[in-house]
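Below is one structure, written out as structure tokens, with a few remarks after it.
Chain lettering (A, B, C, D, E and F) follows the sequence in which the chains are written, and residue indices restart at 1 in each chain.
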């Protein structure tokens, strides 16, 4: 019987879903699980505040509830991992958050992890999460692009700034593996990796990779 | 062009290689990378001491050197992760150690990680490694089977003892995900998971799962 | 001009609000700020799951937005600190969460902090929070009452169980200060402190005490 | 029956006592505890060395012993928290140290705590204390004014330097809450907070605020 | 020119000084530094409280000041390391505290350090110190003899209890090296080591051993 | 009966052995243990990679096995501590690694430890080791000389660079004690200490100093 991984973009911007979905192509294998990317229509256009993080939890859990009978694993594709623990209460099937999965994957690819954030103001939230995960000793640093969201559409400028920030994380902070701190930057991953010569992780790819393995191996979580 | 993951059992016991290889079947997908399990003929029959850990590094690196032109990722399949960092100096392709991969995968499946070790005397070595990885805050506990290696062949007794140790980790230490602290116990994983009702991770499966994703996504490490 | 602290019970059970409010009497001082306890009508009857925690954030922030012109500080009176960081984005006035305030107050009253939880399943969520706060080195232990919520109304039995759990935290875990891990147990605080002979902290009282000081001193947070 | 908080300046400089006492005015409330600031005549003019820290313990404890029958809580008003644990052995009433109270209060007002020290040579002593408290993960940085004590009297220069150091802590170290690392700088607190637009904590105010709450709530510590 | 290590027993009990001095015989080598044990006459008979710890600092520093011209290194022989940092301000010559030296020596002899304390009430003080030292991750456990000081003179009973406590640290807490948490138990060290079959460290011996090396090598600290 | 400490240079460069041996002269005392420095002929000329670290373990353990009947303690004189834990399995006599001993000695001489490394690429390996040791909270920083090994023979240039790196560790990283991160730099130690005015530790001297004390005191480790 065929298997299926459901990837949920908890913001309502379909273009973001499409971008991340395109980056999942290499993980779609004959005989492997289907990978389906859904947009959360109730989500905000982008998740930028603590309120946004909380606001998507209820519709996200409802969506997971609806999809559960036909799903073998879930990926929550926002770097704040909104609703990750709520989803794990809702379903006994594996649920991956892209921050958690991206960072734990990074621990296998380098000694010091650098994170490329979008917004400065997310950094304290992220740092709380790294401590909560118990992996903060491995974080080399985090820097934000500091580009207004509206200007992220300018790909040349965005990439130039990513290069700058990535190089600073590598050279001044000692990072030897980078994680993109956002679900919507997959298109830059490979080029950035080529230029900076350290592994660059798109966290959605990393999380779906983990989900693929989990589904094939057969991990099961149970409510205790 | 086809991709290939090389899994190396650094001990010379072919039966162990066969056992772990059988457990990798679900990760062999049409269109996905070939997964090939090799035995290190120069290794000892089992890796039980610090000297064993060191002794396999040179032949392991030579093997990796020989295989490298035809390989896209490597997995070192011994829970002491022998030669992991040496191998990463030798090749820029991703190298996964099953301890590192098994534990970092576990961080995505539970809050407190319990480890089922074979020998009591390995535990201090493991604990040094958990601290070195910077994830020791997430380790709930580790307990050894305490069965002489020769008696591990008695599968009934071994499984009974695994159940006992797993239940103690879950109930007295608060673990809600278990990792098998050895490459050769994959055949018990699913039954243990069913009985204990927490996810049980065979670290070789977890590492090969990560390698599969890494190969498909295209992570590249470069010597700096 | 008079000052005002707004204490918000994010569950909708008015009896809980009343109970916590009664315990705030000693902090109502002539010339000091008014202390007003509000119930969040949109909240669930009790906050028991991760979904509940997220669900109250939006109405809580709206309530804070409405009250802000007339408030000098806020207290979120649920031991999961729901919406604490969202509220701090919403307002530049001090916002206290009772978990954070109760635990940081405890650091001033003892060497090892013991927490009396209601439900076993909250403990992993709490432990993530203690790590996120960066104070987990000071947590001696946490134990749950393990009484079905419906039976908490039996005060004799509840108190007997609190005594048992508190004594275990003190004697087996080495706690020398206890924090009640719930907003609704203030009525037991003093008796428990008398019986166990260690300081016992009701976290709502502790948080309102901090808010009182913050308002009088004039701490101001600003969005950066 | 009326309550009373005794604040002890462990140095013998009455002007310092007066300065800190003036800053306590907002915490003196009708119906609230009396707050009385005492100078330790046996103390040195300023506490600048490890020997000074130790030297004040005996007279401090004697003073606490004499005041105890008429006191409900004590505050030791020196940022080295001299005699804090000794005082807690002497009396079962709450004793607050201004470093411990100032920093734990700060944990409620920001993500990363910056400390404005007077002297460079105090910083290693402070860092030992932050580790001993188990909160060092939350310290963003500490910088000293580096002004000879004699020149601290020049308020213009001192404030200018505080601004400089505070801005560096905020901008280069990522602090979003500041603690004044000294009992004698209360007069600058509000202006500094206004200029830097992050909460600035005078630790004596913070400690007396905690004592006020503790006295009103009725925390009791008992010798075990 | 001959070298000299000054070992100071900061309590006034000459019998303790004699006992520790006898244990230093193996470190007195022809051509090596003289090792002289002094009693601090101003000290209390035993250092049991935080007040005692502070009270000895001033006379200890005076003694160090007097001895400094003729000394090459100092050892403060009390497991609370009283005045250690004050002494380091007083003199640029190496000063060793027996807790710090005993524990750091232990890190070279085992994976998990167990401490045999005299009194239960010292344990929170010790734990603060282990955190301040930044080595608490290596402490396996600490247990107190729980024998009234007056009864310590009964050597049979004391040794029996040390065996019991040492075995519990080894077997239940996983310690594989033990440190005697007191300057006055050297006479039991060797027997305890023989019986328990793990290294047992008398901290005064360890500190004098470090001082011997420091003096011979020529380490110099300078007041900054 | 006379005692003997065996110091093993695990690389095969006899000039390095001679250099380190010369620095041990002050620890050779009449009546004290003989200190003998051996070169491992099977070692590489220098230990620069993870493979080198592993490759020396077997011959090192064989050498220790041969010397054991006539030795009372061993020192492994390479800053990567190759084979340290393997050697401790092989013999119950004390075995010191110069990294472990040098750093734990440093904890007694300063608050923040700075390490002068030879090669940049060793730093991630070292940092893993510091975490594994559980002392990373005390590491102020590590900087590499960045001089090609072949050019280390230019003593003027090497010393000038050591001064530069040492001053940066002291001034920008806050180190107040330095450890030379290599077995072959003893000849610079004293001059560096004089110039930088902080203690500078040659780790081989520190380890042999600890071994001297251990032998004289009579520490014994036993296989468990």
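Things to note:
Note that in this section a contact is a pair of C-beta atoms (placed from the backbone, for glycine too) under 8 Å apart; a residue touches a chain by one contact, two chains touch by 3 or more.
Because the structure is a prediction, the values reported are computed rather than measured.
The minimum number of touch steps linking chain A to chain F comes to 1. A centroid comparison over C-alpha atoms places F as the chain most distant from chain C. Just to note, of D-E and C-E, the chains joined by more C-beta pairs in contact are D-E.
Set against the Cα centre of chain A, the chain with the most distant centre is E. Distance between chain E and chain F, defined via averaged C-alpha coordinates, is recorded as 25 Å. Chain centres here are Cα means. That of chain B falls 43 Å from that of chain E.
Each chain gets a centre from the mean of its Cα atoms; for chain B and chain D, those two points are 52 Å apart.
Centre-to-centre spacing of chain A and chain C amounts to 32 Å, using the average Cα coordinate of each chain. For chain B, residues touching at least two other chains, in rising order: 128, 131, 133-134, 136-137, 176, 224.
Applying the touch criterion to all chain pairs gives A-B, A-C, A-D, A-F, B-C, B-E, B-F, C-D, C-E, D-E, D-F, E-F.
On the chain A side of its complex with chain C, the touching residues are 49-51, 53-55, 57-58, 61, 82-83, 85-86, 88-90, 120-121, 125, 128-129, 131-134, 224.
Those residues of chain D that touch chain F in the complex are listed here as 123-124, 127-128, 131, 136. Interface residues of chain E, counted against chain B in their complex, comprise 111-112, 137, 174, 176. Listing the residues of chain B that touch chain A in their complex gives 26-27, 29-32, 94, 96-97, 100-101, 104-105, 107-110, 133-138, 176, 190, 193, 197-199, 201-202, 205-206, 208-210, 212-214, 216-222, 224.
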